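Input: structures, listed below.
Each of the next two complexes has chain A plus one more chain, namely chain B in the first and chain C in the second.
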Partner chain A sequence: MATMPASASDLLKSFKLKTKQQELLIRVSILCLVYILAFITRLFSVLRYESMIHEFDPYFNYRTTLYLTENGFYDFWNWFDYESWYPLGRIVGGTLYPGLMVTAVLIYRILRFLRFAVHIREVCVLTAPFFASNTTLVAYFFGKEIWDSGAGLVAAILIAICPGYISRSVAGSYDNEGVAIFALLFTFYVFVKAVNTGSLAWSLVSAFGYFYMVSAWGGYVFIINLIPLYVLVFYFLDWVKHMLSDTKLFQAFLRITVTCAVAVGGIALGLGMVSGYISPWTGRFYSLLDPTYAKDHIPIIASVSEHQPTAWSSFMFDFHILLFLFPAGLYFCFKRLSDATIFIVMYGLTSMYFAGVMVRLILVATPAVCLISAIAVSATVKNLTVLLRSKNKVVQTGSTKRSGGSQSSSKALLDQSQPFQKNGAIALLFGAFYLLSRYATHCTWVTSEAYSSPSIVLAARGAHGNRVIFDDYREAYFWLRQNTPQDAKVMSWWDYGYQITAMGNRTVIVDNNTWNNTHIATVGRAMSSYEDEAIEIIRSLDVDYVLVVFGGVTGYSSDDINKFLWMVRIGGGVFPVIKEPDYLVNGEYRVDKGAAPKMLNCLMYKLCYYRFGEMMTEYGKPPGYDRARGVEIGNKDVKLEHLEEAFTTSNWIVRIYRVKPPNNRCEI
Partner chain B sequence: MQIDLSSHIVKVYLTLKVENAGSTPTSEVLLSFPPTQADHLATVEALVTKGKRKKTTLVRLDVKPTELPDAPNDAKYFTIYLANPLKSGESATIEVLYLLTHSQEPFPAEIAQSESQLVYYRDSAWILSPYHIKQQTTFIKTPSTKVESFTRVEPSNRAGTEIKYGPYEDHLPYSFSPILIHFENNSPFAVVEELVREVEISHWGNLQVTEQYTLVHAGARHKGVFSRVDYQSRPTLNGASSLRYLLARLPPRVHSVYYRDEIGNISSSHLRTDSRKSELEIEPRYPLFGGWKATFVIGYGLPLQDFLFETSDDRRYLNFTFGCPLLETVVDKLTVKVVLPEGSKDPSAVVPFPVEQHLETKYSYLDVVGRTVVVMEKKNLVPTHNSHFQVYYTFKPIFMFAEPLMLASAFFLFFVACVAYLHIDLSIRK
Partner chain C sequence: MARTSSSKENAQALFHSLRSAYAATPVNLKIIDLYVGFAVFTALIQVLSLIFRNPFSLPHFYYLEDPQVVYMASVGSFPFNSFLSGVLSCVGTAVLAVCLRIQVNKENKEFKDLPPERAFADFVLCNLVLHLVIMNFLG
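Then we have the complex of A and B:
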């Protein structure tokens, strides 16, 4: 009996891991947990609503993915879509980034091969969270490459829940960015790895990563511009080191080379543009260099909310404490300048600039911000713990040297020698953990409140605190799908184009792929003209149904009346007949009695407010009270001559009108 | 004869007093139908009352379609087989019930939102019969008192919601007197053009039912404007014949019910359950007007022990309802698929009425050889087809563990690979 405990302890000893193995085990389990966390934190929308595709663009991606699964890659590549941009059509295969669809279909095929009877929709819904999980792994390795594995772990955790990334990668947000951020970070990581090791294999992998990125998202231009810039800076710094011995020569050389380079570059650019060798940049890139460009010149870019310049509040919203940790991380990077840290600093600074120009580019900045902040957190915590541990060691050594009772006195001695360091370190550590826990709660809150609504289904609080669902969009789209002729053409503002083709399965005039400004302007012109003028345009476009979105009954504010000025601007940009001041009164946009006469009689106004004057929307308010704008409408007696109401959803959010056939000619 | 026109399914009750006027005993009684009616005939049942006075019980009689070589004008026949042969000069009373679908023709064929739906019903004042009719009276029940017109065959009169034809005396075999009734019928004409019911058996204790509907309002087509403001403020006047909701009667102890379509979940449904039945009230995404369509899927799980039983010779059988669970609905084409667990053998189906049958294979989660699917198809169904059918098969319980074992071994192999990777040094350099 006496030998038993001894053998048991032996057994325990043999199972006991070495420190290195322990560290590996902890690291792997933390990574696994982060991997799972990144996935499940993006499932709020599935739990709260359902497994569905969100927003606008994802519906196009979903539709193309369905086409790819049904018809195969070759047909997909040659797909000419007759259902959009009627009567022009769209060459889909050549005008999209197929990376996302191919990835989703590949995952789908693999799952099917493994006998998981999943639907392609589920795969599409979960693609973005899956890639977000993979991104955390890449962030870990990237952090390990540029700093150490501690920074890598922190970076993985930060990026797993960073709202700037979650905003584009929740379940159902089936968009290019979902896989592209993974591809971007992967390419950068492998590039840095290649720089550090000089290995050809890694650079090859980097090239493939870049290939995948190009196939997935238009944001690849960021990589192709950043890497040459990095190489330039890299050479420059090298050269500086080299030249530092001879200052005079260096300065002269610098002046000459820089002026020459700028002059030659400018001339080449000018010549290239004039002769047409370099195609002029598209508007979106101009607006990156000059934030005010779009506002003045291209209403169609300025009208998109995600192309707006970023407000400070949204930086705070998306980054929270990372915004303060970022400069600290930059400081640490500069302190330990290496090839890798130069790269991450450049990535961070350039992407921060772009994030400031356009809201949607916060996404590109997020990985850099997370990595640099992770360096700050990791370095600080490491320094502090080293401080604490070294002292403990001293305490321990001290206690072992002196036996028993003298322990307290040695401690007192040490405390005297470094009176504030230990307490300060502990306080700072607690402060850091407090900040990080605030960050975690903030991220969870943002994810659940702001970024997990599908925007197809609207939810509101009812009078009794219960949740009310407005499912009007799908009601209307399903009505179109089931009860209109197969070849019916639907005219709506371009925002709803992708959804109508994907869910309603009907041909649209314009959609969210805003490639033809004139076509969109034609629709804008039709919406802002009087009915008898608009009907000419509508007939010339062979339209059967007109769809408008109206929030006056529910108080839904992003409806067509609130978007209407953009239609006027975009229409007026191509057709000068449409003038913005005609719709405004003293520069003010209003829909009540004091509104401009052209406003009260244009097609959009009529379609939105048709028979709305009879409707009681709110108790104690006159009939025809618009809840979205909080006014009683100015024209309650709307008569339609060439269009008739075909369908209105239960909460009036979507209204569909049928274009009447032309009247028979009168008898002579 | 009583004809009930109150819904879009026409219910006809015949109380026949038959007398054997021949000299030899007979046990067969022929019913005949004109070909236009025979096409829409969903079901024919015959019952006979037994016992005297208060202790009467109804006994169901066999009814089979019959071909007669000398049928005039393509009349179709059904033979009722009496339990006891009728001797010469004897008489018996038989109750016959038959249901007709798609037999009310909307006229006008297109109506606006505020108009109510008027329909034609065509029949004969007395039944088409291969026998001599001594006396007959026909009562026709209309859904409301609003009757536009009806053919007069004296003596005939109308009182309230009832039109009475007859009594008529002494008609020759195959005599026919067409009548046409034009009346208001605002009950929604819910027709499921196609319904696929898939019943998947899992021996882990669940029966998963998935039903795919293609629903259409088969009444007068909707014409012109649909105005939401009229529909919301005066629902009885505007859209009287529209289909607002459907009621599905599901078995008790139903769980995880869902109601969705191709583009996602439909949130407008209510489930009420008690110990005897469950009722699911579903609203389509939009009210269905004449000619409008909606497709949707209903799915639910059921505890297996309520439906799966074992026979004495160690076979198992599923006992489940055949028809559509929606009330007052006609199904034009129904496909019932019973997905048996992987590894089941010798399936055979027992259905109380003729159906087309074949077998298929389906691959579900982690299937290697696939599951056997018993497919049964039938056309033109009414709610009375909701009787039980059985599917017999043999199944060895060991197959239940195939899939968990597969998963377990896959994970085991993965961990072994991990362990191997950590312990083996694969580098060439030392």
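Then we have the complex of A and C:
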């Protein structure tokens, strides 16, 4: 019996690892857990609804990926799509970013090779969470490069659940950003590694990382502008350092060189822009420098909700505690300025500026904010635990750690003057852990409530608290697929173009690519004119079916009536015959009895409210009560002359109309 | 008078000190410098040839007077690819050679323990990738 405890203690002794190995075990297990966490926190919508592609843009990416798997890379690269932008077609091969599709197909081929019988849709849906997990790993190594491995771990944890990143990388959000943020962070990490080690091999890897980024997303412009800016700032700081301790000759030389270089550069740039050699920036990027530019000049860019300037509530929603940890991290970075920290500070500041200009770019700022906040958290926690530990060491009056000799003695002096230092440190640590736990709760709540909706399937709470699902979009697209001729052309607002081609498999007039403003303005003009004028435009475009989205029965507020003013603005931007004030009453947009007569008789109104006047939508309200606008509609007696109703979904969300052939000419 | 002569003496002193310092550098560094100079010179020639190209020395084709064609011929959107790839390959290889020089120079304390063979291998590899990209971009 005496041998039993001896063998047990032997067993325990065999598990006892050296400190370095313990540390390694802790780090690896934390990283594994973070990897899994980043993946599963993005799976809410797959669990609640089903594994499907969300929103609008991912449907185009999915369709092109399908084409790539079926037809191979050469056909994909040279693909001319005649099913969208009806009379014009679209050169798909030359106008998309192939990185995402190629990556998904590569993963699909590897899985198929290993005999996993997956469908390409599953791979597409889960590509973004997979790359989010990889991003956490890259964030760990990046943090380790900038500060130390503790900061790396905290950075990985923060970025795994940060809502700013989750918003564009949930399962089902098969969009360029899911892959591009991984490429961005990877390129930056390898670049900083190249700067730190000075080897050309790492810079070659960063060149390949940048190539992957360019193939994946239009945001590569950020990298190619940030890196030269960083080099400039770096050299400027170096020069300042030099200037403070050198001979007059060297100073004179430097001054002359720099002035000449700046002058020549400025003159060349000025000449280039004046003579037209260097073309000005395109609209979307120009609005980053001048946020009011798009609103005045290009209504299409201004109408996209993601391109609006950011409100503080969005920042708080997407970053939570990182918002005030960011300045704290900046302070720590400035205290210990090195090549890498200069870079991350520049990345953070420039990306925060752009995040303030456009909501969508919060995504680009997220890695920088997570890294800098991680530095703050890690440095604070480290200082506090050092306080705790050194107090213990002094109490034990025993061996001192490596550099703890002088530290513990100084702490001993301090301890006698501030007896509550240890308690203060414990309190602060508890405060820090409380904040981090609140962050985790907030992020999970935000992911579950706000960022996991597929947008194509809507959910609401019924009268008894049960969940009601509206699957009207897919119902309408599948009706189109099964009940219309193969070469039918569908006219709708550009939001739905990608979904109609991907799920309905029919030709559309305009879609989300929005490359041709005049074509979109033509559709907008048709929607805002009286039926007689509109039918001319509709017949000239060879349209067979018109599709509108209507939220009056369900209270769905992102329908075409709410988007109608944008149709008017965009149409009016190209065709001055459409004037916005015609549709407003005293500057107010109304659909009830007091609405403008042009509004009550335009095509969009008629198509949305056809037969709606007889409909009882809410108990106690008159028939024809529009639940999305909260008013009773003005014109209940809608008669259509050139169109007939083809299909309305079960909750009236999508309505499809067929264009009637022209009447027979009457004989005399 | 004293001012100008002192600045002239200053410039001469600068020139002489630079020249004597340069004469003392080892031969392999001078070879690399020669390569950098050649690359920059080639880039300059290409840029100058684009700017000072004379369109009127071409034979008289009527379609050349079409404004669209004249615009395209002077800016050259099709040959522009080739021009860019030519200039950028020269500049790129010059930059890589400068990196090599920094890494091989024995007076640099930061690269003391980097064997020069490794530096040269990096240089060759990066040049390979650069020229691969340039070949693709040449059109």
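Basically, the second predicted complex is superposed on the first by the 601 of 668 C-alpha atoms of A that agree within 3 Å, B and C clash if a C-alpha of one lies under 4 Å from a C-alpha of the other, contacts with A are read in each partner's own complex, and residues count from 1 in each chain.
Going forward, a residue touches a chain if its C-beta (ideal position, glycine included) is under 8 Å from a C-beta of that chain, and two chains touch if they have at least 3 such contacts.
This one's a predicted model, so the numbers in the text were calculated from it and none came from an experiment.
Looking at the shared chain after the overlay, A:22 reaches neither chain B nor chain C. Once the two complexes are overlaid on the shared chain, A:383 sits clear of chain B and of chain C alike.
A simple residue count on chain A separates chain B from chain C, and the partner touching more is B. By the touch criterion defined above, A:201 lies against chain C but remains apart from chain B after alignment on the C-alpha atoms of chain A.
Contacts of A:116 after superposition: chain B is touched, whereas chain C is not reached. By the touch criterion defined above, A:441 reaches neither chain B nor chain C. After overlaying the two complexes on the shared chain, residue contacts for A:423 are found with neither chain B nor chain C.
Residues 198-201, 203-204, 207, 249, 253, 277 of chain A are the ones that touch chain C when the two sit in their complex.
Put simply, chain A touches chain B in their complex at residues 49-50, 52, 115-117, 456-457, 469, 471, 474-475, 477-479, 481-483, 503, 611, 614-615, 644-650, 652. Those residues of chain C whose C-beta lies close enough to touch chain A in the complex are 14, 75, 96, 99, 103, 110-111, 114, 119, 122-123, 125-126, 129.
Those residues of chain B that touch chain A in the shared complex are 224-229, 233, 261-268, 285-286, 291-295, 363-368.
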